[in-house]
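Listed after this line are the structures, all set down as structure tokens.
Two complexes follow with chain A in common, the first pairing it with chain B and the second with chain C.
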Partner chain A sequence: MIQGIDYAAIAPPLILAVAAIGLLLADAFDAPRRLLGLLSAGSLAAALIAVAALAPGDRRATFCLPDGLRSGGPRSCSYVADDFTLLFQGIVLAAAVVVVLLSLQEITDSDIPAGEYHFLILAAVIGALTLVAARDLVLLVVALETLSLPVFALVGLRRYDGTASEAALKLFLVSVVSAAVMLFGISLVYGATGAMHLDRVAPALERLPADLDPVAAAGIVLVLAGFAFKVAAVPFHFWAPDVYQGAPLPVAAFLSVVSKAAGFAGLAIVLALGFPAYAHIWGPVVGVLAAVTMTLGNLLALRQNTAIRLLAWSSVAQSGYMLAPLAVGDRRLPEAVAATTAYVALYAVMNLGAFAVVIGFNRRHGSVRTAYDTLDDYRGLARSSPAVAAALAFFLICLAGLPPGVMGLFAKIVVFRATVAGGVTWLAVVMAINTVIGLYYYLVWAARLFTAGSGARYDAAPGLPVRAAVAAAATAAVVLSIAPQIVLQTVTNAT
Partner chain B sequence: MRTYFESYAVLGALLLVGGGIVAGGLAANRLLRPNRPTAEKLTTYECGVDPVGENWAHSYVRYYVFSYLYVVFAVDAVFLFPWATVFSAPGYGMTTLGEMFVFLGFLAAGLLYAGKKGVLSWV
Partner chain C sequence: MSPGHYLALSAILFTIGALGVLVRRNAIVVFMCIELMLNATNLAFVSFSRMHGNLDGQIIAFFVMVVAAAEVVVGLAIIMTIFRTRRSSSVDDVNLLKY
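Coming up: the complex of A and B.
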């Protein structure tokens, strides 16, 4: 009666779990901060190697229903490590390594407890890894909460700082409300279908009696709302700017890349595997969400004059682009999921790059620590440190989607093509208009780098880890701009 | 569906009757009793002792850590009970025993961490 567990399939989260406990104990026994950072980054790299080792192998599934309980249905495995899962686990882990690199200096500067910080980061990454592998609703919710809970603490970890506490509280409240909404939705779906595993929910929804139809539809929309919070889509977006501003910047980078990538993976899994029968309901809802999210995000980003709030609003807008392909419903759904995945992967690289430069800049910003830095402080960066300015300009151009940054342009085209192919032309038009709005604020920031200098200086070295992170992101951006088809091929094979 | 909601009518009647008894008793009391308040009579009743201090009192915030630790162990101990009923049954055996000790190991790591951080020492 003991359930066999495929330890190879769950190796990536397992490695991190053991490392996280080890880290916590090492910190309790006063291990030096340097060792903790090394252990944290090392375990993430080990998990990344495990993902790479799993990638060429077959699809692995574990925690399946035992034969006695299956009653002739599908295999119903809770944890599946297929190509889609491994691709997202790779993205999450690579981004997490960069976030840890960015954190090392911040931990020293802001007097953040190092052991707890690394432990919480690892715990959140475990949640993200499990979320992208989850194929039943219970595991999805548990993983989503494992991803969310440590982040509240991470945001508030800079103690005696009013903005950080406010940000943590705001994130907590919004998250709890959206989790409750999502759980309610899941309970409705479960009530209507009698199944928790997505491979059982999908057929049950197809042959649902007519009187249960509104129940299932309401449940599905509520589940959608839960994920909308995670990816900062519009009705649940307002936590983003305040939290990004109040949180330690590496945590903001984590929220805008790792947490968002996991959220999109979860959304794609639920919609494509669980609810394809109700695509006529969630398709238009996602379409409207996407249109409103990108428009509002872009319009408000126009009015920001601090770097971090601009990045926050622009990442809300980018969520809209990522949502857009899913609006096609069940027409050419695999293609749409591939487009969203490709956009998430490319966005992770360029956004992390931009965050890395801003983190380095923020630290160097004079002797007085400010909570954020204005865009005007970036004037003349090209003269004082040309390499960093070039990197930042390139990331911004990629985010805007202009030709030298082929990566961003390519991501936008993939999303456009999927949306038009799925017959949601109005959304493609909204997206085109929004891309133009986006061009403006990214380019205004990029142009400031090359104007005459202000007082702020970026002269001192931003620390080796931050510099390594900027260099890694810039290299990845350049490589992907030269050969963007790498991502598309990987994604098409995986989905 | 009709009979389903009708069954709630009994509940409604019960609420009305219950409320009526309490309200009627209080109203009768009020009509019958003499009412001569003095300053002494209006002070808060505290078992015959004169009340001390304001109504806003501090409690020691340090206790919250203990209650957290208690909640962790109380909730996690729940998992021990179903395990205890099956682990010696045929088909389980040493692996099941080992798994529970892994779980307990995780809990112990938490306690060890809390202890090393000085949470358990009383000041």
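Coming up: the complex of A and C.
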């Protein structure tokens, strides 16, 4: 029996897939770099429009089990475009457009092959879009790998640079090991339940015989490990600073925003839809992971003096905050997922903004990056280019969660409230202490912008695309600081 | 042999692979150990599929093979670039980036 496919539901990844193949062909015919960049950004914008067009419609599902094989069970669709999926697809695509804008200059400066770069970015975004829509374990694994594999190549694209290939090797080994561990976990879950679709796994876990209980529990913890890598949570976090430093900076921004958002969406899908019956197992595990991740990230960020490594450790710490609400287990789980989603959305704006300014600033060193920008290089930025300095200071204050960066404060309060409401008070206390530690290094960096200059000047203009990216992120940050309830309303409606 | 024996074999293979990843120092050997872990999961999927009498496990085994092949392509290319710049494929020599 041939099944119909709902092409409207899969339009966003489909548009990108066609564009990616078109890009490869265009590159084979030596299309100019500018055209390739335009095609890449244009297709991402088209996919974003498709997501926006799908948003007001009903929940769409495709690749479902045919009636004959359903045996009275649920519908079991592999790809579902509901409000949660579309929200995350929107976040991922908007962030990807900004990353492409940030890349245009870097591609020229670092002599990166343009066609390959844009193709790999689009392929990774397709993986992210599919991951947030996946509702069965097979598609989840395939999407996760589609997201990961192109990124290894992206990190290592500066072939002449020893640090880039080293970063690629580190990312690759950690990622593949965690994928293998996750697959073993999935095999245990499958062994215990006999199902791959999440809407069949969940009821099967509820009425599991007692002797299979340890098998399923071990499987669930191993699946968590796979996602812990993707979001850079603690036992699998150590790749983050090295990879962010070695990779081209726009790729680091991609890893810390797009890849991380998709990872959190996948984690929320698996835990909330697949394994709610085992919340007593994964709840405490996630809680401990969150506490250790934010503490370690913050403590190590304190002793960094290069901008990019500070951002890397701060993004590890932010992962801890995003994980925290999920520690509530099955008590008020929808509220917790909403809190995590809201934090991811707000974090995407402020972190991309900070990355955009750092990427623009990095140009000052000329085409080959010999030294990494230390925080002291940022002294006097407020005098030489006040607008950029104001934007960076605002992003840092948002990340720290201080007024006037209301959006950061708001994100922290949402997460805090969900954690306390779920009865995990100890984690809320750890979070509060960590927020105070985080204030220190963000504010030290922000303060340096306004001190007397170090003599270095911000003379190489960052180019129109980077300035556009900074401006877009700054506008979004200001709007969300004035009206943060926009995000909360959207997220509450979607989850 | 019952499926239980295959599961035991798969657990043993996975453990050998995981130990190899932790202990060995050559990037290529580490990579081979990862492949061993992936194939151990394949064996587990296929045995569970036989126990449950449905095909889901067999299908994911095929997907894992495809993913593993794609990983080999990217992984060996990365190890090649490392080897070109360092003349060594030991993971101990990969030490430019640290705190």
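One rule holds in what follows: the second predicted complex is superposed on the first by the 490 of 495 C-alpha atoms of A that agree within 3 Å, B and C clash if a C-alpha of one lies under 4 Å from a C-alpha of the other, contacts with A are read in each partner's own complex, and residues count from 1 in each chain.
Going forward, contacts are C-beta pairs under 8 Å (C-beta built on N, C-alpha and C of every residue); 3 or more make two chains touch, one makes a residue touch a chain.
Everything quoted here is computed from the prediction, not taken from an experiment.
Engineer: Between chain B (first) and chain C (second), which does A:352 come into contact with in this model arrangement: first, second, both, or neither?
Structural biologist: Once the two structures are laid over each other on A, A:352 reaches no partner at all.
Engineer: Could you say whether A:29 touches chain B, chain C, both of them, or neither, answering first, second, both or neither?
Structural biologist: first
Engineer: I'd like to know which partner A:107 touches here: chain B for first, chain C for second, both or neither.
Structural biologist: Neither partner.
Engineer: For A:201, select first, second, both or neither according to whether it touches chain B, chain C, the two together, or no partner.
Structural biologist: Touch status of A:201: no partner.
Engineer: For the overlaid complexes, name the partner, chain B or chain C, with more touching residues on chain A.
Structural biologist: Chain A has more residues touched by C than by the other partner.
Engineer: So, does A:2 touch the first partner chain B, the second partner chain C, both, or neither?
Structural biologist: first
Engineer: Where does A:177 make contact in the superposed view: on chain B (first), on chain C (second), on both, or on neither?
Structural biologist: Second partner only, chain C.
Engineer: Would you mind writing out the residues of chain C in touch with chain A in their complex?
Structural biologist: Touch residues, chain C against chain A: 7, 10, 14, 17-18, 21, 27, 30-31, 34, 37-38, 40-41, 44-45, 48, 51-52, 54, 56-57, 59-60, 63-64, 67, 70-71, 74-75, 77-79, 81-82, 85-86, 91, 94, 96-99.
Engineer: Can you check the complex and tell me which residues of chain A touch chain B?
Structural biologist: 1-2, 21, 24-25, 27-29
Engineer: Show me the residue ranges of chain A that touch chain C in the complex, using the header's touch definition.
Structural biologist: Checking each residue of chain A against chain C gives 137-138, 141-142, 145, 149, 152-153, 156, 159, 162-163, 165-170, 172-173, 176-177, 179-181, 183-184, 186-188, 190-191, 194-196, 241-242, 245-246, 303.
Engineer: Spell out the residues on chain B that touch chain A in their complex, using ranges where they run on.
Structural biologist: Residues in contact with chain A: 89, 91-92, 95-96, 106, 109, 112-113, 116-117.
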